[in-house]
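Chain nomenclature is as follows: A, B and C, assigned in order of appearance, with residue numbering initiated at 1 for each chain independently.
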């Protein structure tokens, strides 16, 4: 109980590892034009080359700091809108219009990009390490046995508040009373946790019970029968959380109705996070009206969480510390905080102490 | 003349003593629901228990920092809106819905409260010292021989600017020319000052003169005769200023028409102050139209002062120092600054230096 | 190429010399009332005395910091709107209404002012040095052989970004493609630079070519013939840039059509600059419609530059440094940066290092 979970977004010291793939954009956002986006506090400009490959550059001309995103693209090169300095997709300056030669070594920082639809992943850390890491595999997003839809929104809160929220669903009866699975309305079953060096997963098995309204409606299952359910979630990396909800129609654990909520959490700054979310299901996959029902349910819960997390961020921004005690339901979140702290320590060469870490010994 | 009066609101170091009763709310503001209020820079949640007693807690759940004021009250206990952590009026955590037991010593800070209608007083300092101090006695607010009315408003200025303004009325001819007593329109009579260790009082005796329009109207006295007047004021504590205006109808000092302006100044932050004001009188007490006339007069003067003090606060926020010289009329305010400086020194164990204190030796 | 040009407006350390005449206002702005203006981060109040002379005082009453500009003028003296403290044009306190005497040495800071229509120049530095410096002579502004018009606007950017922009016109084809002289549309001719200890001038000679539309229209010259042109500019002081455009109608350099753009850059703060601009010409001086055509051209270019510079300021405010490489076209701007750095060093007694100055050795 004495361990500290909180990471204050009020602390200007960024608490996100740089050596990590983060989702920078939805594939559909990037066309032939220049897309400006600030992530991890860094302004970046993204564009798609004629080959289809996405390029990402620092959104600041190294000559006089005009945002490159306010320039133009020509022949897969970015032309600055102030003096016409021109940069290739790898960052090299290839033209200075007012003179014949280009200064030696003039370049803008370029960043490794990996596109796995519908996500465009970006690496802002040590570029040499990007080659040894892959963005997380999310095969259900392309698998035709699954149906997927998604959206994007922003939360004015530190990204670790979103991970905490995703890793502990005991807030459901309080924040989402109308959509809370029945199993949460009394003391929920014990949390089961599995950890690896870089991830943490949990699950809870609910004893058979009736489905709540939206569950019956979107699965086509009976609202009069009782079904076992399992809820599970994984902190895959600082950039990604994956949730699954399984309903066992025959009560014996085989052939479940599975719904996956994939959420990329991208810290835009220390107190703002973009959420790229996708909902996938392996049942009633040819029923668009089910997608629309599920979309409404998830929008409602995600926006209720947003309201809670923004209120916490506002409070943390003024108060002295954040987490004075923890409970059993916090175990997965505490483990995620430890993983992030170790990534930050490795990156920075010193121990990262979350705000308030010495609150209780 | 060389002593420095000013305390800069631009300095983030708070200049309000914590060991002091401050008015947190008007009694009527606190019902069965949760009232959120930030005072002395600290978010607090207030509510009234079934017994009628007011409770005050830190407005931050010690578990994950969600504002308790966004939760609910149930059986005199506050239920957090995030995970349902439940706290008694004394701050003790009494329930964690996701598990059977409550972590040892889990609690939220609670604050001493004293209600003396119409004011709810709060003590944010050392709780052990609250028992040895009482909120100031203001008997006229409950005495049926007096009639009282009041309002609340905010000023975007440090609370000491409000005390300075209240302790030196020589600004009347400039800020309130239309409602200034006649005695101020020429050089005002000498200021008489009495000090104790923790308070400072002043008065001025005006030679007999005619009443200005609003005085004649609200007292029913003749506008053709001359009356002696005395104006007096007291810095009771950092939280309270009391002003009195006496008109002597028979010219010999007995049986005066007394009007008391009671002002609680509550620092919400270093540059914002709540003013809870009450006007009481011992004459024409059964005439509601007199209350409405006086309300209009005081609203006008208080809001003219607000405009002045906010302009000063804005200027102090950018300028290098505040008070380069003082005059005789500042003596009461200088003494109040010294009292506050001594309270701060005692509280913090070191000498408090107001901004610009070394301006002139 | 390794020298650093940039001065970050994000750095709260002001990068403007104080010992310099800056334009505070247009003559027409100052009448009998009080004009409040903040320049070099300092609030100043300006007013015109009955003699016609302009006075300038700190816009803060030294007694309790109320802005003097919210008071009144009476007999060439400023009366504070709080307690009526009264100050002469030289800053001396001449009256304290609540007492007979005035505290010894009570005064508000006054500043040297010089009016050379249409500009009112102000000196905020060491007043003893003001007597040994004159505002720059701008004779064409009063010379009746020239016609002049002008306007004022503000740019949310550090004033040195405006100087850089004025000292390097190779941005014309990118920022002002529609009004760019023909000579800039290919690689421009070599920049010629002349420096003195406190100023830097440049010029470029364009080989004969056709005039662009607005040039032909506003000179009455043929759009079918070719004319030699010279563009020149001078960084006169941190407060002033003067640009000239010469068109040689007979091709041999005599009797040019001259147009002068006089720009006073007044830093209001580190990230905001007022621009007082005047356009003068020595041709078609009796044709008001030419003034209106030129006004439209200059408004368009000045506002296009404003947009660029504000985007840079916003980027510099978040990024780590500003100028990673320079090119030949930057030589005049680099020299201006050096002049300012030397002025600052002299003023402050230590070496001024622009933000990012150690970026590349």
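We take it that a residue touches a chain if its C-beta (ideal position, glycine included) is under 8 Å from a C-beta of that chain, and two chains touch if they have at least 3 such contacts.
Keep in mind it's a predicted model, so treat the numbers as computed, not measured.
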Checklist outcome for this item: Going from chain A to chain C via touching chains takes a minimum number of steps equal to 1
Next on the checklist: Under the over-half criterion for shared residue numbers, do copies chain B and chain C use the same patch or different patches to meet?
Outcome noted: different
Checklist outcome for this item: chain A onto chain B, same sequence, C-alpha superposition: rotation to the nearest 5 degrees is 120
Checklist outcome for this item: Whole-Å distance, C-alpha centre of chain B to that of chain C, is 48
Next on the checklist: Quick check on chain C: which residues sit in contact with 2+ other chains?
Outcome noted: none
Checklist entry - Can you list the residues on chain A that touch chain C in the complex? => result 38, 41, 43, 59-60, 62-67, 70, 79-84, 93, 96-100, 103-104, 106
Item to check | Sites on chain A touched by chain B in the complex | outcome: 1, 5-6, 164, 168, 170-171, 173-175, 187-188, 308, 311-312, 314-316, 318-319, 322-329
